[in-house]
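Note that chain A is present in both complexes that follow, paired respectively with chain B and with chain C.
== the complex of A and B ==
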């Protein structure tokens, strides 16, 4: 017998009848106080009695049924959101109903009915949840369900880190089938530590299975997906901006079907696009935040708004988002960062971060004298792009590979790094190799500065690079030297695995300063910024 | 009120009450300046105030004056100034100014009350140079009938440590003066280190008399707790990455900045990074260095 918040309403209703004991308990519950030991024992005894009585009495009352329905609907939502409150209110309400049941017979039957209905609903819910959450979660939810008061409310793991769980895969396949989005299959042998992540091959783009003309998925989204999967658009800011532009096009071409509301239908239309894009390449944190923003804006469109007006408003919202969070933010960050660049500095940068390049170009324009060391790594060799841009500006640059890092670091006065996302516990998620640079810089006592816009801050917490990452095409590691390609037939060697990681996670002790559009903060203050942002919204 | 008068008033405040923090004296002078100001618009008023703060910074180049001044300006303007009449707005600002002054005059007492419980009976304490807040803390601990001994560094070039030792002897606390170079030698004997601060920066690090950084590194090497006591008006919006990154206007005395070639001069302050600090005692509570940024965001944003 599992209880729900409906019993809360139950006890409040009874409290209105004026029972002193129930009142006191309701007060205690609403004030959130801990129940004393005697109270808890009393509650347990009453619950057992209640269970026994339920089997005897089953007289229905129409009026009570209707009164209960609306009050049960509302609590069903908070059920999933406040699991911790369940333990206290549930025994409380059980006792309240029980104590009153002892006094009046008709009250008791109402309680019985409600309990039965609730039990039925809860059993359906738990079975659905058990199916949804796959193997791992069902085992954790079962011991939770047995204490019978607690609802199993386990946060769902994102699909893209459950690739080795067949139940999750089946669920994903069903969902994609329903949305008519092609499912991309994994490629090649996966190193066992990362077998829970997808590994796709660039030679099989997901767009191959899409018919021409694209019917379910908007053509600009198809194009975007292809650009992501082939690596034509890479880099956190570039991907977000491209995504927002594609969505602008989608909104432009959208027309509300009859009997539908734009605010609800458009959000539903976007879901298959998002699934498709995540099949092409897993979504980045910045893209995730952008999508959340768009969905919020769409659902906030008032229903009286005419379609043209609504579309215009949405286009404006997207434009202002790009302008504020990306373009103006980089101006603000550049202004703060230039205070930290002094004449005679030797600055080390890694890979190609659009923000760091912008900062360096700005500082050079403002007549700061410094030189740059660009560190690069295989297989992406993004540093070459950064080198190209800086040299074009006229900045003196040196180019090394990451293996020469400890050789070059004694010359360096500062390290500037970009970030893909900043996690809620202060860890920095960035291109693989960044944490290595931060570690060696710390050993040489060189200050490490991370530059990141606030829209890349995410609520996730991660302490290692294994749990959630991205595996790129393993064939990228194959290289031809002197006419020989040694790894050509790596798939035939059973004990050989190629691992091409994309991201890694740097702990906050290695980072001295984070420059954001809100100012310069230490890495440990990221949750403060998130809190301030949530308050603003 | 002219700038010259302002500086005179400021100097007079320090002369009359040598025990007052220089930031408090600066804020008193600014309040007086506000009262006597003749400008016609709020913008003009703000500009004059900012000018006044700059002038005071030129007189006394400590970090605290700069931070105190900025916080004062923010505090008085962080209220609704929607009154149509300028004199009404000014009255509101003056009221807030008085409130601010009252609050910060009490902060030293609050810090003393918080920190003295961390001094156990029989403790040996090491401190650096002369800090009025540390003196207050030790005073409170002595009043609580705790027995402890204090080691003070001489703190050249101005031998401020000797002044501190005198004050402690008056309180009947056993005190020993040690050379600045003997900090490493004495560290194994002491139980904890307490120092004051001239400024607390955004990263949670502190700016204090030269020699503090050395002491912090030694105490870390010996695993001794390193406590910093500071009032909240010393929180400043700086984020130094290393010693070089601290602006020159804080490192050297105001008159030396204008005249002498700085490469031959010795800096008066140094920066201690947050990784070496165990706890900070402020009137906002006992904070870890990472919590300082949180408090700063609350104060300044």
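== the complex of A and C ==
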């Protein structure tokens, strides 16, 4: 039977290589056997389990702790006929034991992983047997099995979308207090649909409670946070690059305290900085990926490496990341994009995307004849900056506000959009207004091309713009004309709320092509790229 | 480390010699605390742990012995002494301590009393990577009568012309009336870059500056700059818009001018050295600009930027004249909540001490005395039936019975004889006023002090 085979293969492969994570795939690849449907399912479940365990290793629940002791012995024995009541707690406690073991030395993890996999196989076998035998056993095993099976799959919601939950807020406050990062308070009335998001005011800067020679938080991180909150550094690429620059300075000024290892201590040092930056402005997807990369690089530094050498290596890593993922990627994207720009084109762009500007400037240098229509929207009016850069280059431009979109669209031959992030289900997250542009362009049958580097690809899935977004300062919407500011006292009017959204999501049906540094792909291929990236890493 | 604090406490108080001929300015009592306590308190409240204090020997002694200063100030004070005789300007002092300066500095003057949120000034410095960031405040009109002043206030204070851009944060122009003989001259390059400029005259410079480290290095190379406020700040503000290194300057071809040019260009070199390629890339990719309407990038591509934070409301005083001193005494007690009557003061039952007066430690106030809107210093003895209204009594003063003191300043260790009637006078340090004297609007100082200019 496939199960017993699987167990044998298990033991062989455990001996072969130590990495428990890629086991399923390695097993399948090395053996070259055709995977049955249940094996595929099992592989997927294993991977999910591993991912969840690596996240949850800090919070073992009481239930898991209790069950851990009695069941430690159970997984080590090959159980042929495990009773159904054990089947349920075993996967849960196995995950707990594995999670606790993950914190300990790697030698133990191997055994735990092996044991845990065996236990899971057994439980699945028994649940299948139970199904065959009769409904009774399966019903008893199923409800017990299903909540525990579901548990590894449910992910924790990130804090920044749980602002209306007092428990989450308390947790955040405690965490910030522990890290000595000041908590920034929300401002003004929030529209009820978005009350689960933070809304900060520029008049309460995040530096109000930080001591003036910033000691807890590195000065370059404080400077970066200020620049984020005031909008001096805006735009996905700019934010990531500035973040990496600040981290370079942090690494340069870092010195390992005695009895600590650089690979672990430096990562701990970075956490309060990241909390502070997310208090200044919620992190973008590109920043999140950059942080993940740095943390991985830091923890991969071998312990016998000297401090200076390690620091130099990290600086190099950061430089090469920026070079590969941002600079060279934009060159590659512009090379692909130029094929799509033909002479006599009328190109519509929205807001100020550094990548799209770069593409257009490159195309102009390569003697393509086209003109550009820049669409802009309040309150940011970023299109003015895009307009300035394009006109400075010499490109013929037209400038309209988004309300004139359907008027101008009959003239347009192509729409180029930038993206803040590309989500795993193919949705494009970009500046608010982008989905409108894509929608109207679709109605007029104008092709919509989204340009995005691969490092902005995100594993999140979103189908609407409400779940996870960013609320900017509502006072930005207030405008003074002819000396009169009508919205000056908007807070006193009970029934009035000002909403300043920053992002929105565009469904993949409206996007015709995504131009990335890997090539030109349809929107639905984003999960493939993500999968390939994960395998590579 | 991000910032180092430097406290300039070596000034002589040249505009209120009557008060300072015996007591150095940093030790003048304001609200029963020495003047230097206020900036030190401001720095401590904000989070500084170390301050470099540039001062004279006398003040240094007091810093280690004065009770208030020793106990209240928990920061580490690194006191640098300079001789009183050498006429050192503030910039010279910075050059003097150049070795100690390792990072950007925050220069504070010892006579600043303010409750500003210091992060406003420092945030401008941080966010825009500025070379200079300073604090200014709207001038408050002094309402109290100043002893010794005959007639209306003469406009002796020369006005400062401060030009800021539309946002009110970027400093475009700064000149003192004294330097503008032919009139206010604005360079065309400034007008081209910032077509809308607001020029303000009613501003008080708080003498609080955040300076980049490269400025200190520049001072070391250019020994001709002596004063921060008088020379360095206007120079930096002008230099924001001067032609950059790259563009050749055809008019200046003599060698002497070339050397001067080199020395002055050092500043730009020093401040641009650190601009890393990543930072450049971030700025290029960022869709932000600080101005609209022309084709240039953010900050017009300039590397030198000066910013100012103008306080609209709140307390900001510079105690460098007698009028300011009196006003500060009125207002300063609001900055901290000490009990108005110090626990060690002995105040008898039948005397009346108003709620807006403060009595210092170890005072003795005998019966039937009434004290209204006044500050009484340490170890002062006030005998019976004395009426004190609207006055400032410093430390160690003895006031005999039956005196009537109104709107006056009585300095340290003075003795006011019995039954004297003093209105709007300034009694200098250690002076004696004879009994039954009647003085109005006079400055009573010793004869040997009259020779001091």
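Everything below uses one rule, namely that the second predicted complex is superposed on the first by the 383 of 537 C-alpha atoms of A that agree within 3 Å, B and C clash if a C-alpha of one lies under 4 Å from a C-alpha of the other, contacts with A are read in each partner's own complex, and residues count from 1 in each chain.
Definition applied: contacts are C-beta pairs under 8 Å (C-beta built on N, C-alpha and C of every residue); 3 or more make two chains touch, one makes a residue touch a chain.
Remember, it's a predicted structure, so these values are computed and weren't measured experimentally.
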Touched partner set for A:524, first chain B, second chain C, both or neither: first
Which partner, chain B or chain C, touches more chain A residues: C
Touching partner for A:450 - first (chain B), second (chain C), both, neither: neither
Touching partner for A:414 - first (chain B), second (chain C), both, neither: first
First, second, both or neither for A:280, with chain B first and chain C second: neither
Partner chain in contact with A:244 - chain B first, chain C second, else both or neither: second
First, second, both or neither for A:374, with chain B first and chain C second: neither
First, second, both or neither for A:512, with chain B first and chain C second: first
Complex contact set, residues of chain B against chain A: 202-204, 239, 241-242, 244-245, 274-275, 290, 293-294, 297, 301
In the complex, chain A residues that touch chain C: 205, 207-208, 210-215, 219, 222-223, 226-227, 230-235, 237-239, 241-242, 244-245, 248, 319, 322, 326-327, 351-352, 354, 382, 384-386, 388, 391-392
Residues of chain C defined as touching chain A within the complex: 1-5, 46-49, 106, 117-119, 122-123, 126-129, 276, 278-279, 281-289, 292, 295
Touching residues (chain side chain A, partner chain B) in the complex: 340, 342, 414, 447, 449, 509, 512-513, 518, 520-522, 524-525, 528, 532
